[in-house]
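Letters A, B, C and D mark the chains in the order given here, with residues in each chain numbered from 1 onward.
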């Protein structure tokens, strides 16, 4: 294993210390492992708190700032944060209008955030939760753990963050988050595995002419192996897989995220975006807004994920609202 | 070789088509291979044109926009653009106040931009050139090709771009660019090689416990091999190598760029930034501004480069000036 | 079981987690995200440190040892196993409010731990989770309890190990392994494997204590 | 040399570049950035396409063939080799302003090509560049020119190949390979290798033409 780390055990505190030094505009509590905005809101507003395992950077700490999250609580690599930590994040940014937890649907995240919500309730903090579960690679049934939360998290955090900034009440912000999640679908392919510092070896081995299709963001293998193909064929499969599950029709508009998994050159992500754009155009679907780059990564995995979020005037208007975070910034 | 491409020959046009679709606010001439701002300046201003081989994304196309470049001309992967193309870029954005070429110091780039400058002169376009040569891994002597241009390119393009935006004349913008380059030093280490689409195999092979030290951004091996070490030891060597060549004293301020080479997780770059911050603090040097992420990449190389640019009030003021490009954006 | 034995159990478990850390990680790498060994190691390192701390409060009940263990796991482990094992140990500790516990009381406590696991995670036997090792272990313990703690603990450990082994042919329906669909078949569930360590540590500690 | 032979030279060269493409890339991967084969292939594919185009102007001079080749290389290759070879071919074409050229005139043209290379790139013999193959080739061609074009071209091709081989022990002082310092020693320079193809193609075309 080759990594720019000191020890596998110290990755998170070391990275947090670096993050704190790099972003003095944010408050980083190195003990509680909570990143939060430094300025308290002038009037109470719904506070957005998200977190999850580390290794997905810039998610979530990179999305803390005006217009998006109020706080993030990063767990160990690929390990959800603990309830105390989530509670500390909620306490740090709660301003009286309630707290919205944005939780990616993984057993660990769901349980830890649920326990944190119980603790917060005991402290008199009102909590609502948006569960993000956008990954169509996973069967959605009450008998399984359900779909994973992946790329849609960015849209949920951006759009709910924008609405919270305007003073909307907790129920409304939570409802918007749920609506954005319901309007989003993702699918990912891996060209190469990820290596966690703790495991020290790749999560799977892949021959030089094969890819894993339907992977998540935790280095796990996908649903199946397939031969590597030219980008336009690969993208066609990914787009069609999403469309088969998504109610999108000609004339619809989407926000498209072509997301690198950590080790994919931006040059290739633009090749992919070009193919996504062309494939959707054939179906009469227009990409109204887009992001191309590393947003929800899986350490050093090579590959990409595509997330399509159906857009409507409210969604586009909230998307365009100002945001000022380390990883997403416009005005 | 595993890449998200259609064919090795079509990588650049395919990526450009994707870039054009992703950034409708910019003008992309797919035939001339020139990316430029869509709006012409209200009053003539110095136009900044940069380019070089592709594979370093977001450099340079990702830095086109208000406050930074006026145009970029990407060559084939790791191959400098041709003179016609550079000329087309200059013609596209020339508004009567002259054109500044920002050229990374590589034989091919220097020659192609020089021939383009001759062609531009024949067309009556005044051209000045800033040569970026910040990489201390390479010996600087008149007998060699000289130092390579790497991470300092971002600072030169940002700061000269900000000055040009204010209407400064060509000579002044060129002088600032040269001054920023002179105030900058970089050094890079690779944990893994890069694979160009054309070559189809890694530029070098590296055992699992060794790194290449003093690499450039074209997948080439570095000056020497060394054992992999914990981040704080590796960073100490990198910082000390730069400081040995840089006139920085206690009390000085710098802009620090901790740059991923394309395949390095952001989590690790933050670990590195933390160590850089600590090491410089020991020397009494303060990081006044920073960037942590993928800015000047080398396809899918793993590793990082560090660039330190001495800051002064003018530099900081120009750094903070608004910029609105795909890859750098603040206001 | 007395307080000393409860402490010995937890220490034996912490040592076992350390010894099997890489094995748990390897199991989790195959069908999960490769952190189960690191997660439990982090948790039990913190548990041991808390027990060994100079200012550590002297536990007054058997349950206090288990509750404290659960609380630390809850606040140190994260992931799926943190809340699951944390809640299970806390649920086991709650009823054991005396300085000793009979085998029957311990059987009830183990059952309460299982109930907490099932309640929080929603898994049923056959889902390829900790529940598949914990369920037969509790049953075996209860069945052998009349024969004494040592016999019950040994039976439970054997049952847990068999339960863990029996997860191999199952397709996971809960946790990360469920994302793999049919590809989860043919691998032992990491959580079931660590549950087997919990019960084996109890048997070992009981055996050492001459119990 | 007549116009047909000039065209045959360029076509033979284009074919040689295609045949040796991967070899040039491999040489450039070892001490450069691995694109020399792709660069020249892209350039000479464009040159061949231009020559074969239905509306291609009939060249009126030997020089026109070479100048046109150089212009296309300049605008298609990029990198270091594009301007270098582009300028060299343009410099060779400039003096050859008739429908035929004598061996002595061709020797002067090759020397003009070398001068353009040296002028633009600033390399001297021993720097481990194209200059190390081009320099002995020009000298050998001039020395053998009195014996006729075929002999001169064959001598030049041999000299260029030796020159390329002689770059192996050199430490590069120009171009990307110079970044490697002493690690550039032990590898043949890719540009010198492609220069050898230029002169071998001339010899082959001349030989086929029965000249």
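Here, a contact is a pair of C-beta atoms (placed from the backbone, for glycine too) under 8 Å apart; a residue touches a chain by one contact, two chains touch by 3 or more.
Please read these numbers as outputs of a predicted model, since none were measured by experiment.
**Q** List the centre-to-centre spacing of chain B and chain C in whole Å, with centres computed as mean CA coordinates.
**A** Between these chains, centre-to-centre, one finds 54 Å.
**Q** Averaging only over C-alpha atoms, locate the centres of chain C and chain D and give their separation in whole Å.
**A** Those two chain centres are 74 Å apart.
**Q** If you average the Cα atoms of chain B and of chain D to get two centres, how far apart are those centres in Å?
**A** Each chain's C-alpha centroid was found; their separation is 32 Å.
**Q** I need the residues of chain A touching at least two other chains; which ones are they?
**A** 77
**Q** Taking touching chains as linked, do they make an open path (line), a single closed cycle (ring), a hub with spokes (star), an all-linked set (complete), or other?
**A** Graph shape, chains as nodes and touching pairs as edges: a line.
**Q** What's the complete list of touching chain pairs for this entry?
**A** So, checking each combination of chains, I get A-B, A-C, B-D as the touching pairs.
**Q** For the complex, give me every residue of chain B touching chain D.
**A** Interface residues on chain B, with respect to chain D: 8-9, 53, 75-84, 106-108, 111-112, 115, 137-139, 143-145, 148, 196, 198-199, 201, 203, 216, 218-221, 223-224.
**Q** Residues of chain D touching chain B in their complex?
**A** Touch residues, chain D against chain B: 25-26, 29, 31-35, 37-39, 42, 74-84, 120-121, 173-176, 178-181, 183.
**Q** Residues of chain B touching chain A in their complex?
**A** 1-7, 11, 14-19, 21-22, 54-55, 57-58, 62, 77, 191-192, 208-209, 211, 228, 230-232, 234, 262-275, 277, 287, 290, 292, 294, 297, 299-300, 302-304, 329-331
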